[in-house]
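Below, chain A partners chain B and then partners chain C, in two separate complexes.
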Partner chain A sequence: MATLRRLREAPRHLMVCEKSNFGHEKSRHKHLVETHYHNYRVSFLVPECGMLSKELKNLVMEIGPYYSVKNLPLHELVTHEFIHTFVKKGSFSALTYNTSIDEDNTAALLPNGKLILSLNKDTYEETGLQGHPSRYSGRKTMKFSAEESTMMSYFSKYQIQEHQPKVSLSTVRELQCPVLQSSSLAGEPEEACSALELFDWLGAVFCHADLDNQPYNFISTYRCPQPSTVVAQACLCTVTGFILPEKINVLLEQLCHYFDEPKLAPWLTLSVQGFADSPVSWRENEHGFQKGGEHLYNFVIFSNQDYWLQMAVGANDDCPP
Partner chain B sequence: MPATAYKRVVYRSPSEHHYLKVCLEFQEHGIGLNTAQFKQLLVSALKDLFGEVGAALPVDILTYEEKTLSAILRVCSSGLAKLWSSLTLFGAYKNKKCAFRVIQVSPFLLALSGNSREQVLD
Partner chain C sequence: MAAFADLDLRAGSDLKALRGLVETAAHLGYSVVAINHIVDFKEKKQEIEKPVAVSELFTTLPIVQGKSRPIKILTRLTIIVTDPSHCNVLRATSSRVRLYDIVAVFPKTEKLFHVACTHLDVDLICITVTEKLPFYFKRPPINVAIDRGLGFELVYGPAIRDATMRRYTISNALNLMQICKGKNVILSSAAERPLEIRGPYDVANLGLLFGLSESEAKAAVSTNCRAAFLHGAVARPVPMAGSDCIRCHGESNGEALLCSLT
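This part shows the complex of A and B:
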């Protein structure tokens, strides 16, 4: 019986859903974006929009480069010169590249100046540092995000390379969108969908799944949650790379301003996915990779400046703040 | 409309479904499968390991790319272990050796729209 029960178990996951308004004095939206440091993918969806405005498009195209430095010894990150040149100025973030948090040694430098090392037992003993065991069980290539000209010259003795984030823009026609009510996270029967349903639907859209299958279909029975409406077109934009929280905050603000003029769209969304192998999720909360390594968040921005914020994590993560 | 009041709700394991990004690799090249054949293959993988009851586990193919034989699957959370183990132990289709690669698994479909482990810095 115990075996049968174990067969039916899936790893635990957590989803925090918040609703608030950007005008509220105590709204935490900026802080939550700022403290999610290692962002791999940012995407937004604007219903009833065929083409992005010039401001939004420029913002996306100018998110800014990130850098990779090969064979960088970690001790370079704790030199007085490095701290003075980059860390004290703030907005400096770094993460080891191609290291799996559940297998390899991983390092990350946070914008607040803290260096987080996730080490296996042997390496930990060799360093002689004081740490604590992971709650969930070198010389590396590191990727950085910081001010341009200084980076290239500072790391010139190592192989430093600049990378531009990849941007993809597309328009989807005849898109089924859930009907939402900003005051109701749990939805209303036959009137509005819930935040959980919206989150699933958003995944289906960005994965390009079919949203209108019949319940007897052999291949897939997935359908857009009801109630829903069909919008003539929607703009999808995705940026992947190594994206600073400050840039995401600027993008969030610009998306809020989308509703300064009357628009057909009742809401739009902004989703951010963190690096699966980052040692932290929000602030200094330890992040691990059990089956998925996911830590992501999504804003639903309503036309009246109400918003929903959904923060999702997997099994080896604390509850988002 | 007046601004909404602040509210926070924490859900523990709310997803009724889990999502898998998988890829089927054959030892031989040039073997093609359409979506229906791929679905039939999943059903036989489940049947091989868990019998008729296992084969009845509802699995949706949300996306399928015939060129790469890769797909995003949806299964109820209580069926994840059965589906995943069936894929792991599936070794041949019509006497041709093959293997499933499970690339990503998550209770959140949105997490499957990107995979940071696939990031390549050229």
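This part shows the complex of A and C:
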């Protein structure tokens, strides 16, 4: 029956996997990181590493503050003064907070100066918008991220608060890691794991799930993909907040330089998750929330500067670039 | 895309319990709820009472979880009809029916179902879930109802309370879906206690069991509920100029007043 068939299907999700090398001139990694504007969580996992190096730690601690402004009418964002002070200087990002993209109006200001509005039917008809943002006026709580400290004084008549991103560092002991070969995304049977298996495994590690499929485990029956090795310790660092793509690029460069000296680890991963309520995922691709609003990407960096890039989106999204 | 709504919270006589229900709904993420008053004309001397005044319930409305807006409370009347004479109250122009935002009818026989789909001035038609369907659904009246903008309501509250009801709920729902193809379906809780309400995404998942597709199931908790409310607002406009009215700008300098949409 049609119902039974539908029940067996999962909501549609897409994942794009690609591999390349950082030294390759046509490598898209920088462009893809820069065009994923609203980043909520950045995590990286380094196997065979007890403590982060000083440079990495400093980089993570200095990711930079972000600000939240309550009850800001959107027309403030399109005044000439605002555009001149912040948008023209470059790299200013904003996103409405405490709004669900599948229920309410959401707005996002992209670093390239575009204001994207995701409106529900009533608001759209009320405002009669067709590319005329100056006629829109609403009250929202917005989250901003910018380089300038003039932010605090500009928005002083609204309630502006500065937030620091939350950093959490932990060491995972006796972690089962899959064996990977940088040249084959699909894996080799008995020799290396595929990119899809790695993606699932990484999710399990971030949830701190058990990886051995113990029969008495109630929560998870996930088993680490084979072949795998056991790593004595691995460093897992997570930064949560409203993070600019430029900072992520810097972090990515630093992580590439991790392999400048010979290290035990064969590879390391950097994962970035976007806000579930952002109206755009990459560039101006539309992002929606059906049962889950994930849009994320994951780099697997190998010691020979090869990398795998996996970009995943959920149901109501356009395909990642 | 519309805000999540639960259009059936049972109004008992206890205001405190009702307050608890609305607060739970706000906590779960519903932006709109409707308090349902049920009238059964089979019992003697049933009169339609006035709807519960929202100001009596709450001085400050609870904020919906995950948003910064308060929850919106509507009033709804459900009339259980077993006899054609029961429908007369809907035709009277000056009855208390007009005080309610949404009017629903619960037909018990096939003839009354036909009349409800084709003629009655209502917004929702309730589908029985607590017993075997007393009649088969026919395609023509259901198509007329869909064209008129009526919604078909399925409640999941009895399914939570009892296993036999669960069977009836699913089988009646599947019967309905075969004929109406998932259009204009609304899922609501019929909750009398706070523990009987489920979150909007969970109810959308339940819709999958009833035979709806992913997008139809999500619409059953959001878009279709909004459509039912708008149907009520337009079909029975409240004759007072309140602060809830919005203006619709036309091309000329004329402006039309439409009743409350926010």
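Convention: the second predicted complex is superposed on the first by the 306 of 321 C-alpha atoms of A that agree within 3 Å, B and C clash if a C-alpha of one lies under 4 Å from a C-alpha of the other, contacts with A are read in each partner's own complex, and residues count from 1 in each chain.
Everything below uses one rule, namely that a residue touches a chain if its C-beta (ideal position, glycine included) is under 8 Å from a C-beta of that chain, and two chains touch if they have at least 3 such contacts.
Just so you know, these numbers come straight off a predicted model, no measurement behind them.
Chemist: Contacts for A:N112 in the overlay, against chain B (first) and chain C (second): which applies, first, second, both or neither?
Modeler: After superposition on chain A, A:N112 lies in contact with neither partner.
Chemist: Scan A:K291 for contacts with chain B and chain C and give back first, second, both or neither.
Modeler: It touches chain B and chain C both.
Chemist: Is A:T79 in contact with chain B, with chain C, with both, or with neither (first, second, both, neither)?
Modeler: A:T79 sits against neither chain B nor chain C.
Chemist: For A:N58, select first, second, both or neither according to whether it touches chain B, chain C, the two together, or no partner.
Modeler: Neither: A:N58 stays clear of chain B and chain C.
Chemist: Once the shared chain is lined up, is A:L185 touching chain B (first), chain C (second), both, or neither of them?
Modeler: Only chain B; A:L185 stays clear of chain C.
Chemist: When both complexes are superposed, which of chain B and chain C contacts more residues belonging to chain A?
Modeler: Touched residues of chain A are more numerous for B.
Chemist: Check whether A:F199 is in contact with chain B, with chain C, with both or with neither, and answer first, second, both or neither.
Modeler: first
Chemist: Could you tell me if A:A2 is touching chain B, chain C, both of them or neither one (first, second, both, neither)?
Modeler: Touch partner of A:A2: chain C, not chain B.
Chemist: Between chain B and chain C, whom does A:S168 touch in the aligned arrangement: first, second, both, or neither?
Modeler: A:S168 contacts neither chain B nor chain C.
Chemist: Is A:C207 in contact with chain B, with chain C, with both, or with neither (first, second, both, neither)?
Modeler: Touch partner of A:C207: chain B, not chain C.
Chemist: Do any residues of chain A touch both chain B and chain C, and if so, which are they?
Modeler: After superposing on chain A, chain A residues 6-7, 11, 100, 141, 291 contact both chain B and chain C.
Chemist: If you look only at chain C, which of its residues touch chain A in the complex?
Modeler: Touching chain A: residues 1-4, 31, 66-68, 174, 177, 201, 204-205, 208-209, 211, 213-215, 218, 222, 246, 248-249, 261-262 of chain C.
Chemist: Spell out the part of chain A that touches chain B in their complex, as residue ranges.
Modeler: The touching residues are 6-21, 23-24, 26-27, 40-41, 43, 68, 97, 100, 141, 143, 161, 163, 182-183, 185-186, 196, 199-200, 202-204, 206-210, 213, 218-222, 238, 240, 271, 273-277, 291-294, 296, 298, 304-306, 312, 314, 319.
Chemist: Write out the stretch or stretches of chain B touching chain A in their complex.
Modeler: Residues 1, 3-15, 17-19, 35-36, 39, 58, 60-64, 72, 74, 77-82, 104-117, 119, 121.
Chemist: List the residues on chain A that touch chain C in their complex, please.
Modeler: Answer in residue numbers: 2-3, 6-7, 11, 98-104, 120-122, 125-126, 128, 141, 290-291, 315.
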